[in-house]
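Letters A, B, C and D mark the chains as written, and numbering starts fresh at 1 in each.
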């Protein structure tokens, strides 16, 4: 445990344990990481380990610059290189989450953006949640997981864009979310799944459903930016 | 805690805690308030506080006449002004609940009233549960939350109408419910969500489903008004 | 507690408590009764009492011949007269359950029988689960609950038919189920809800889905009648 | 307990108890078995016993060659002969699971293969999960359960094929899954149900959804075969 501070390991463990609590994935699926920018490393769930068995010591520290494991015997999540792509592209984010939550996966598999159908969506996502283009055979053949991260970054844009849209769907795969902390990235995964479920039901009732732009803006700005007035300081 | 009696705070706390128990909202979403008409104030959940952390002391007392916070450091729910609009319009109600429950939100986002498809609905709601008109850009720009309350009052009508229809859906947003007590307003939220889920499934099976008027009336009157014969006195 | 033996009260209490455990109804909705044929009475849940508060003493004994309460201060479930109609029509049954389970209600509200789409259905129900005709305005106006029971009996037929089809859907209302014991009647409610959910999803995938008659028969007879070979004696 | 080692009985008990935990079946439905190839027997859940009551002693040892019960007073699951057909056909498998999980049953009842719509599916199943042909009246009349196993083997193919496709849907009935151990066979049942639910929702959003072949292959090979790089050794 030379790499990855106890505080970071604790935060990443708690965030990972939230995945099964929030029913965002089955079995060992899903993973959360958190970054220590000063140390130039991130800590991530090991591959294929059950959430019930997971300890702080099991978490895998990875070098941000090279993607190499810094310590221990366990392999990191196979999605580690996707996480790394996000940390390299977006300096403001502190945590990344990948899940296979049912309704978000359904949009990814249907190759459809999640449209803005109401304020639950607009409170967190500043526009439709985008689905990426599919990876080419070449991108699948070599550096697949890094390329997965790259097509998301390509679709989302720069650091500021990533703050306004903390989620994306990989075509025919599933959701990645991010946030200021590991736990915030999981919470964005929870919100994404709730919004996706609402959207599927809304579209079943009314395939032409939309939301006025002025309502979307009001809600996003109620929670984000200089005029935000939602929330209280943490206890 | 100069404002808001211990009994009122207790009732509002218990009603708020029922929201996550009944799975009516994710994270910190949703809020319940309760009113003390004699004192001219209502007590409401603070904005953005997790239900697990919520205590009676955290609840925010608000002046009914002005909407100003009477006590403490916490900001009230951003929806406080919507609650206030209901308390001002309808003297008989004692509690108000706002949630983002999935199936009710789906109808709100689809911009569709929940039609009366059976007795589960008719036992509580005396007609279709209405969706409001959308707010104009002007209504969104200034006093947004108060205007949200106003379009509901505009759609529901007077105190007697609010007793027969203790729920409304804000277009592209979600449900508000009310009742004689804070807990009754949450229970109406639970019923609304159950009824909305049944309606989505019913319409998937039969888009032309309806219910005869005489059956609706029988069920509503079985539980409400002078001839009601449902229930027993509380223990 | 002069009426209704402790054993019967115990069986009816446990069966009622299974309704919220199996998520077959919200709040105080739903009710189970059990009969003592020798004593000419049945015991039923009181109206509008929460399941968490329910005790054996709260259960209401009702005279089978007259429908009158035999003992205590509590009113029986408003559906008591429907239960009575079943006990009078079908001498073999020992328990009756009424719920508002979501998927069964959806078929009732859609005014559609639940078709036999597979062996899960055929294991318990010897044909489509029928929805009743709607009650006339006259049947709603007087003796509504007794008439509800009567239209079910009219639709199901005699005692032998009720053994092969231990469930019916009241149009625009919801399911009633019955069985040899109170608990068996709840279990038939659990099965009915599972079968209804499967049917809704099946019809969404393939509106023309059917099941061959020879498969239906094999499964029903595997569990019922002289050649049955499912199960073991209770421990 | 002359037959079936304590270790095998323990593994089969734990795997059976996972069925209700993972909500793959109601009541006493579903069953798991595990095999001891050296002893030429498998151990299976007894028919119609509640999961809460199940002990290691209740499990029924069955002779692999003849299908006869080797020990004890309890009848094996009615599906025992289907399990036996799999063990005879596929030497590599160590456990078999049958459930009535809702979404997998929906595909079976709709008489539709589960198409490969994304990586969640491709991680485990090397192609569409197939639905069998229906059994003929003759196959239903005699040796029904053995014939059920046979039509699955007919549809899946040899041992190698069964390793790449550890699941099948019996037309108008439901899923069987298998794996290297009893618990792995249940986990394949959990994955199958998750994948089926995702597929139903995906097809509701986009009936023409598909997945590129190169993405499917990448994901299947990431977890299976010589180049696999998913997971870590168990603790």
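Just so it is clear, a residue touches a chain if its C-beta (ideal position, glycine included) is under 8 Å from a C-beta of that chain, and two chains touch if they have at least 3 such contacts.
Owing to the predicted nature of the structure, the values given are computational and were not obtained by experimental measurement.
> By label order, what chains touch chain A and chain D together?
Touching chain A as well as chain D, we find no chain at all.
> For the two copies chain D and chain C, is the contact made of the same residues on each side, with over half of the numbers shared, or of different residues?
Different: fewer than half of the residue numbers at the chain C-chain D interface appear in both copies.
> Nearest whole angstrom, what separates the Cα centre of chain C from the Cα centre of chain D?
One centre to the other, that is 33 Å.
> Between chain A and chain C, tell me the centre distance in angstrom, where each centre is the average of that chain's C-alpha atoms.
So the centre of chain A lies 46 Å away from the centre of chain C.
> Enumerate the residues of chain A that touch no fewer than two other chains.
Touching at least two other chains: 204.
> In graph terms, with chains as vertices and touches as edges, which category applies: line, ring, star, complete, or other?
Looks like a ring, each chain touching just two neighbours.
> For the complex, which residues does chain C have touching chain B?
Touch list, chain C to chain B: 26-29, 46-49, 53, 74-75, 78, 100, 102-103, 105-112, 134-135, 137, 140-141, 144, 172-174, 200, 203-204.
> Which stretch or stretches of chain A touch chain B in the complex?
Chain A residues touching chain B: 117-120, 187, 190-191, 194, 197-199, 201-202, 204-206, 209, 211-212, 214-215, 217-218, 222, 229-232, 235.
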